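Labels run A, B, C and D following the written order; every chain starts at residue 1.
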Amino acid sequence: MFFASDNSGPVPPQVLTALAEANTGYAMGYGADAEMAEVTARIREIFEAPEAAVFLVATGTAANALALSTLCQPFETIFCTPTAHIHEDECNAPEFYSGGAKLTLVPGAPGFDDKMTPEALRATIAKEETRGVHGPQRGPVSLTQVSERGTIYSLTELQALAAVTKEFNLPLHMDGARFANAMVALDCTPADMTWKVGVDAVSFGGTKNGLLGVEAVIFFDPKHAWEFELRRKRGGHLFSKHRYLSAQMLAYLTDDLWRDNAVKANDNCAYLAQGLRHAKAPFLHEPQANMIFAALPRATHQRLFGAGAAYHLWDAPLDGDPQEQVAARFVCDWAIEKQQIDQFLALITQPE
Amino acid sequence: MFFASDNSGPVPPQVLTALAEANTGYAMGYGADAEMAEVTARIREIFEAPEAAVFLVATGTAANALALSTLCQPFETIFCTPTAHIHEDECNAPEFYSGGAKLTLVPGAPGFDDKMTPEALRATIAKEETRGVHGPQRGPVSLTQVSERGTIYSLTELQALAAVTKEFNLPLHMDGARFANAMVALDCTPADMTWKVGVDAVSFGGTKNGLLGVEAVIFFDPKHAWEFELRRKRGGHLFSKHRYLSAQMLAYLTDDLWRDNAVKANDNCAYLAQGLRHAKAPFLHEPQANMIFAALPRATHQRLFGAGAAYHLWDAPLDGDPQEQVAARFVCDWAIEKQQIDQFLALITQPE
Amino acid sequence: MFFASDNSGPVPPQVLTALAEANTGYAMGYGADAEMAEVTARIREIFEAPEAAVFLVATGTAANALALSTLCQPFETIFCTPTAHIHEDECNAPEFYSGGAKLTLVPGAPGFDDKMTPEALRATIAKEETRGVHGPQRGPVSLTQVSERGTIYSLTELQALAAVTKEFNLPLHMDGARFANAMVALDCTPADMTWKVGVDAVSFGGTKNGLLGVEAVIFFDPKHAWEFELRRKRGGHLFSKHRYLSAQMLAYLTDDLWRDNAVKANDNCAYLAQGLRHAKAPFLHEPQANMIFAALPRATHQRLFGAGAAYHLWDAPLDGDPQEQVAARFVCDWAIEKQQIDQFLALITQPE
Amino acid sequence: MFFASDNSGPVPPQVLTALAEANTGYAMGYGADAEMAEVTARIREIFEAPEAAVFLVATGTAANALALSTLCQPFETIFCTPTAHIHEDECNAPEFYSGGAKLTLVPGAPGFDDKMTPEALRATIAKEETRGVHGPQRGPVSLTQVSERGTIYSLTELQALAAVTKEFNLPLHMDGARFANAMVALDCTPADMTWKVGVDAVSFGGTKNGLLGVEAVIFFDPKHAWEFELRRKRGGHLFSKHRYLSAQMLAYLTDDLWRDNAVKANDNCAYLAQGLRHAKAPFLHEPQANMIFAALPRATHQRLFGAGAAYHLWDAPLDGDPQEQVAARFVCDWAIEKQQIDQFLALITQPE
């Protein structure tokens, strides 16, 4: 009953098999391995982007901070939501990698701060850089798909946001730590969700969807390639035994493993959501991918934790009125077994 | 009729005389001049702080960014209001000098965002650093006295804010670009407004109150001295011919020039405010020091600008309905002549 | 016949087995995994350092730059040799992570620049910081064991160097990318080579000696722990699925795998060196661990490369007088087969 | 008898007069003052560079670090001599402002390290960036004219060095803290010594030649202008009351004050050199501008210091064999009176 995060479960056997297969003989290091050539070709094919520059790193924070620092000057500001991972959960990595750029917060959807609206983005961008040399200059816009609150930007919403960034001639970055979960939920292609709507660079996540630790950074304009390579090396994120990153990513992109895992995770989530709905748990929003924000009585939380369930309470302590509803975040990955979900739901609906 | 800023007027003759007097013979450079020893002694005396470390730089941005970087680690966040000069008007200098620290915005007084409340500060600090290693750590609190909106923290308010910083064991920095204006308005001593209420470091402004370009940075705990000196040099802010900074600051602190200038500026502002009030101009707040935020009909603004008046409109364009009230900022310095204010007020009350 | 680097070969099966064993169920992320607790315990035991703080990262550049930035202020300088990896091969990572510290080069052994001497270190340190606030301040000393030229500091040499750092009260960092190779060559304990001689922090390499990509950073004084954790996260080097780093390191430290691999690599190197010596190849120095710098006629290099051998020429092109001796670097890892070395040597001694 | 530095003497009366004249009424701040427009026009005229971008800052360290950071990426290295001010005397300011770039030292003239040779520059540049992504990339070349050892690059030497930078397509920066002293010594025009030989940016010094504290940064290609402005503001080096910088620079460039001061300083130096030569003092090199490096017996130094003379001993203590020759640096500025030099020389030649 582990719903704490989608980065805590096991990896599928294909990934370990791929590591074993890559583990033969000697290979050129630092990204010059044969597997990486295949990864690049495969990603270009999947994204329908034959010129794209593709790089692998091992963490999402590295992917985001390196991508943004390549798109941003230190005297600029990056636009993101108040709940953005780059703002809340990277311990100032974007500020560090960019050499001291600022993050300007674009208010998200009312009450939830999860998704930018074009209006809020335009207003926030317009307000910045009205002070000439005194304020920071406008820099890249970064949005997270799936958002940190489990919601998804529709293709229409992405287009509208990208249109705003183009009005101001700003680059658009997508933090796609849960890229595959969004894509299968929208039933669209990778290209649909990125360059076709105007995304310039994407952190294409693998870790939360079944890899040991690999994320791809993709620039649709290859002019950024060399600078990114230098920044990656300077950040200590260039692997000498790079083939083991490549092998993971290749396994991920083979036989639709990445899509299948995302479908499984989203299905698990939908199944859990259905159960919670049946149990009359109030939802903070309608779940769209593999994360649920819903409330349960404190007594129920206590029973669940007591039985070994793992998940995060949301902005409220466990101590207090046992009948009071307290929100929580439930995250599903591909590996959760239905039986675990059933057991969990049984605990919820069990009479006190 | 120049109300655009208090950094645009002339300096009093005493300051130029002091430069001329300092301009004799050879002197040790880089802060080892005899005048600097006097400056330090005088500031320690005025602030009743015999151990204080005192340094001079030439700009307010340097003073703030260097002071904060001495109090802050790059993985921390600095707490300030959304309208703070360090956030809006220093082109990411605090982020740069701190090596990439974040600025976390504490909502200010409702509708005006000018002054922190202890409640908002406590809530904002409490919320940060609840994410362990993932979010930035809590760093210094910086407040601006006089605030960027022309309001003043009372000693009681300062005490309450300092009490919150002490709860969390965080250093408290005061951006005192208009320190003297606040002090004379509060009719208190420098010590009252700083270390006695719990301020750890202050940017003690001279430039907006009559100097060519000198600000003192004062640390009440001298343990910060050597690090500050190195950061100042590294930032290119250590003057070789330092005596010309010292001489200005010494003139400023001699015969109460600094207080007198501040009294004049505040009096000019009060006189202008009285006229605006008489003309029924709505105020965004009650002016407390040398800045007024008030509205006038667009037609009146046009008449004033046409007659050569200089000041900044606030968040609205000059084009539009001539009768609509549009807010503006009016800043007074020590040198403005009553006659100029009278001429300005006459233009306002002149029938269309 | 791959002698290009010790980061290009395969990993031993135990490491993949360990990954597979770790790949069960859900685990806390970000270093809170059970395996990491074991790693810490094991390293403390092996290093006889019960208080040591232990962290894992995935690359040597990350280990070095993060360790040094924790020991160094941005206005200081780091002392290292001109051939140090941190100077030549990390694309300014130490400068980046430290926020702009300098690297001051201590001349190494005459003609080879590979190892600091205490005299050169003392003279270089003494010369820095004679300029007060104008020059950088003295910061940590970093030395590489095995050196970048394949030589080894004896325990006596380490003691003498550490004594110099202590004279000036400076921290001592060891870049131990080939820690195990040095240790088995010196036939000493981990403690002998580190804290017992005065090393404060060590980058304890695993990647060049059989892991996919794991290095430990060890601080013998745990006061550095929390700052390091924040810097690691800020640098994007904290793995969410950390257990897969832990599992590798645990396998490395189990059943003496780390020592055995190092013994194999050094033995392979000694065997190759013997062959080269027999072939009358001039050595740039006496090999001590798993790297050889020796010269061969250009014609021989061409024959070797033609037959598929891989290694790096040293400061000279392949084109030119076929009889001229051209230096090259030959690196051995644990996995090289004797037969490959024999084949290589046969090619060398083959008559033209 | 003050020969310690050319930044310790008084400023000429014209400079103070200019400040007084500028001190009337209200002026736009932050470089929008009328005097700055004149400064720009005057510098463009003097340098025969009608497109040049011109900026003022208050210190030489700011001028150098800001100019270099505009020309340099953080993953590059700056080429300079081991005695360069940017390397030895700016407490890591170039590293700081560039976001962590490296400084690569080009050996200077044998034994003195004062001036780059084209051969050494080419060899050093050629060696860097042979390591692909692993080492820093080649960045700007910075040379100091007058050098830190008081020597001057001839126009031919400058041309040869610039030719090397162009071979590698690198920008060339000149630290001209003593620009005027070099120019009058070479009897050339500002254009001759800069863009005509291939200099891209120059720190044009005023402080060491008679100003309170003003340096101009000049880019001959104006494309760098906006980035420089933002970096200047971000560094806290944009003056609100900018007119007082402009006024100084304008006075400097009026009626040949800058040339006259430099002629005076160089003449004073030549006069002192003649006396030292007459006294048989050995010279470390032939003085060319306003600095002398020469040796005197320790007993003579003691007599001079005892009589109140001020200058710096060079790499040797005052204690020791009284007859031993100990080198010293003697710097002359425009204001030194012949009588002081005569008094100084009399003390030297005085029988023991």
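Note that a contact is a pair of C-beta atoms (placed from the backbone, for glycine too) under 8 Å apart; a residue touches a chain by one contact, two chains touch by 3 or more.
Keep in mind it's a predicted model, so treat the numbers as computed, not measured.
The chain with its Cα centroid farthest from the Cα centroid of chain A is D. Across B-C and C-D, it is C-D that has more C-beta pairs touching.
Taking each chain's centre as the mean of its C-alpha atoms, chain A lies 34 Å from chain C.
If you average the CA atoms of chain B and of chain C, the two centres end up 51 Å from each other. Put simply, the C-alpha centre of chain C and that of chain D have 42 angstrom between them.
Listed for chain B are residues 74-75, 90-92, 96, 99-100, 133-134, 230, 233-234, 238, each touching two or more other chains. For chain D in complex with chain C, the touching residues are 74-75, 77, 88-92, 95-96, 98-103, 105, 131, 133-136. Contact residues of chain B toward chain D in the complex are 2, 4-5, 7-11, 16, 19-20, 23-29, 57-63, 65-66, 90-93, 96-97, 207-208, 212-213, 230, 233-241, 244, 310.
Considering their complex, residues 30, 73-75, 99-100, 133-134, 137, 227, 229-231, 233-234, 238 of chain C touch chain B.
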